[in-house]
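Next come two complexes built around chain A: one with chain B, the other with chain C.
Right, the complex of A and B next:
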């Protein structure tokens, strides 16, 4: 099978992880070069904040992609939008409902993840198509419940998501905490071992007693729950849920996983790389912005840089 | 599952959906009604064929939507004002696709990421060419797309033509067999002495070619373009290939099925706006239809497994 060839080739997955951070630092430096060192703190905290959103959905996507070829969660944007919309509507700006509101958001994620899994399991639909068709339903639900209204988050919650503790943005702290937990789960728990086993060879894993179906269920639900958490935080951060708030996170969630150096063929994952990729995605855009490039050039450069990083990382792999 | 059987389900699901439309609105059973229902089917069918070429070699193209948008922008500007330059740009973009195919194979890159990156590039180029919606469709494309053949509307004639042509190319020619072989067993094709790099470049070039046709026909229908005109084609084209009985791996695809899958999706879209369903639920209903068809497919494949096994 070609999958196993690709997986063997990508065994030296630590390298691209390293390169994501090197490239992030370079982009950061290039931006500061232009401003002659001013605004470094602001740029860093903005980068940490926005990278946190990408990193949280990226971690969910990473778990799914690690399950093996063909496993991608395309419902992340719709789940984010639905969770953001419903939870803000539920809270209605009332500070007393912040925690129940979070509960509503996470319940949306739980529901979406379960629905995704059931489609994959019982209708045997390929995950790409299952999450895609399901995301149409979630998006419709969000449109229906949103009705063009923009409900503001409770002010305490808005202050929390835009604020900082000891100079580190609160959202980034949440993102880092989730990354640490994800790392422990992946590297130190039986779930993490099983996840890699399923991703490397699902049949061998099943024969050796790994509860493969349970792994799929847990992973797709986990991804949706992380997406709903991001939706809740992002909606509070930006002063209300918007119907298109999740759109860009579809590409970003996949891009950070790959730039971070996880194998797209599954079986190999790493958490620090997700943060590296997320920081890089934000810093590239802000670097190109500060050099005064138009939207068109910025998009072209972003795409070219993604391809260049992947091509360079792959070159390392095949020479190893 | 044998090849003839594979085509049965897409045909059936299209037939059932059409029957439902005719039952709800008997007046749709006319030249004008059909024209309305399948209005946007041709560009979707061509984009689906483009996606199928990539899925055929075990890859997936996440840039179809932005590429078609880019082509639409070129068609509505350069191809209209300076046909030679326009044609050169489109030819270069097909070459770019071929180059990507070769790059992906030579460096063993994940296609999903490379095409993801390319989707940014095409989107950027489209924004540069056409910063705000506008442009005009070249007269000859407009005429071609709005021609009214006797008996059956243009969209259906064109779809049958596309299906027949790609069927001959992919299922009946020796090149097509080789290309499917790359998806089925790359190593076997390599050992038989073929250059897989060249074959992959060829498959990608074909995808680029059909993507170009899709963008041109889209502009012929809409008469103008914008940089986001076809973004949803990425997902539609993947869904179309799968609805048509294709599989993500193993070079198992069906050009006729893919065209029928695209028609089903186009019909589902028209059907819903036809039913005056609240716009809130239109996307959702499209998702539901997709799930429904795939559920039926499961019943079919289970039955066939019982018959064969």
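Right, the complex of A and C next:
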């Protein structure tokens, strides 16, 4: 056991997620350089809070991408919006309905994930097309159900999502708990083994008795449920569900998977990298904003940094 | 008795309808709304305003039809195809909120050459054959700084929250704010983030940039981002600067709460989503044969400390302050443009 710990530590720099954390730390340091050390705690707390939302949807997306080439869940933003809209409308600001409201959100995720899977399985639509077209359906349902009106969350729930325990933002604690569970599932459960097997070679996995269809169903449902949980938390955090609340999480959910060192072709994933990528996505934008760079430069720099990290991680992997 | 009531009702209805029919030559005309996006509360309020005013106009016999169509993706190619379908369906006028000022010009020129009246508003088009109902976005930006100068004669540091990068409206408001800062040079913009006109995006961007900023006395915005900024500043435990709001209900509610708590004062301004109904009446006027200049300007809707309660009371929870325009309003705007 001690040997494993030592070898784990000495191998740290070879881990695919290593560079995402290096870059996050660098971006954090560069921002503090500008402020001469002021506001470090403030920035860290904001980074943990907003990275948590990206990390939760990112973990769902990671499981889907691990299934192999062509598997990606494009319905995440619409599922978030629908879950946020329906659960906040259901609660209507009543503190007694916080848990049932969470139930409504998770039920939306369960429904959306099941619908996604059925489209893929029975209509034989490729996952990209299936989840994209389903997302129009979910988005329309969200529009139709509440016409874009923002209903305030119950104040206890709003206080919880914007609050902190022992200095750590509550949503970050939720995000970290989910990451730990996801790590156990991916690295220590039979599901995780099967998932990697399917992603590496679906045919070989099927022939060796892995229930491939069950894996697909569970993974797409899992991704949608995590998206709906994020929608519930984000809507409570920002004072109500908006129709465009999920928009930016489509690219982020995929970006954190790639930056975190997971293989975009599937089969090889890791959970720590998702958090590394999520922190980086927030800290890069904060750093570039703090340095007062224009939107164009900001986008170019973000793209360049992401490419550099992915290249660095890939280089390490092949030399390892 | 029952039958007599019905007959009386019919007579009354005709009495109401006939004068309208007698005046308008547009009773057989069909107007379509081509809308590129429906995914936020402003656009939802816009579609509701259209529905309300246009369906009333159809009922009154002013026009034969006034249908609204929205594309699913906010894309110019899709909207161009939608406009081509409207040409084939034989609409007499198309009212358009365009995804791009230039990319729809081909489809719009086709519509014009088919004899269709095209009126663009909010997202206007550059094609010369179309009418344009534009908002003076530059002035909207400039007035924010002017207001701040009236409140803070000594000036100070400002945080600017911009809209969606690369969109015409964002550039215009930004240019207006810059002009304002040049005019009132006691102000300096020390930070600028993109809030994409969405509270949660603005909240995230402001939370990220705040730690590196000095003390801020004012926040200039583009609408739909003021509440998110307030939340981020509150969470960071900073003194609340004067945040110029953008007429969203959550912004005005926050403002009213802060006013009741400690006398917070600010200004709120944006365009009313009801501008769609102004475009509707302008199209009707053009169809009616009225002489209408190609470029019209719509005033923006300003909410002040004095009108806050009134505006808040008339705005549905989670929506945006709105006015619907009447035929008379449209005539007034047209008359003003002729001068």
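Here, the second predicted complex is superposed on the first by the 298 of 320 C-alpha atoms of A that agree within 3 Å, B and C clash if a C-alpha of one lies under 4 Å from a C-alpha of the other, contacts with A are read in each partner's own complex, and residues count from 1 in each chain.
We adopt the following convention: contacts are C-beta pairs under 8 Å (C-beta built on N, C-alpha and C of every residue); 3 or more make two chains touch, one makes a residue touch a chain.
This one's a predicted model, so the numbers in the text were calculated from it and none came from an experiment.
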Combined model on chain A: chain C and chain B, fit or clash: clash
First, second, both or neither for A:302, with chain B first and chain C second: first
Partner chain(s) touched by A:239 [first = chain B, second = chain C, both, neither]: second
Which superposed partner A:49 touches (first chain B, second chain C, both, neither): second
First, second, both or neither for A:139, with chain B first and chain C second: both
Partner chain in contact with A:289 - chain B first, chain C second, else both or neither: second
First, second, both or neither for A:128, with chain B first and chain C second: first
Partner chain(s) touched by A:251 [first = chain B, second = chain C, both, neither]: first
Stretch in clash, chain B with chain C, out of 129-137, 183-191, 255-263 or 291-299: 129-137
Set of chain A residues, in rising order, touched by both chain B and chain C: 136, 139, 143, 295-296, 299
Residues of chain A touching chain C in the complex: 31, 34-35, 38-40, 42-43, 46-47, 49-50, 136, 139, 143, 146-152, 162, 234, 237-240, 242-245, 247-248, 282-283, 285-286, 289-290, 292, 295-296, 299
Residues on chain C engaged by chain A in the complex (per definition of touch): 38-41, 43-45, 48, 72, 162, 165-166, 191-194, 196, 198-201, 203-205, 207-213, 227-228, 231-232, 235-236, 249-250, 316-319
Residues of chain B touching chain A in the complex: 58, 60, 62, 103, 107-110, 112-114, 116-128, 131, 186-187, 235, 238-239, 242, 248-249, 278-288, 290-291, 294-295, 298
Residue numbers on chain A that touch chain B, as the complex places them: 2, 5-6, 9, 69-70, 72, 74, 119, 123-126, 128-130, 132-137, 139-141, 143-144, 251, 254-255, 258, 264-265, 294-307, 310-311, 314-315, 317-318
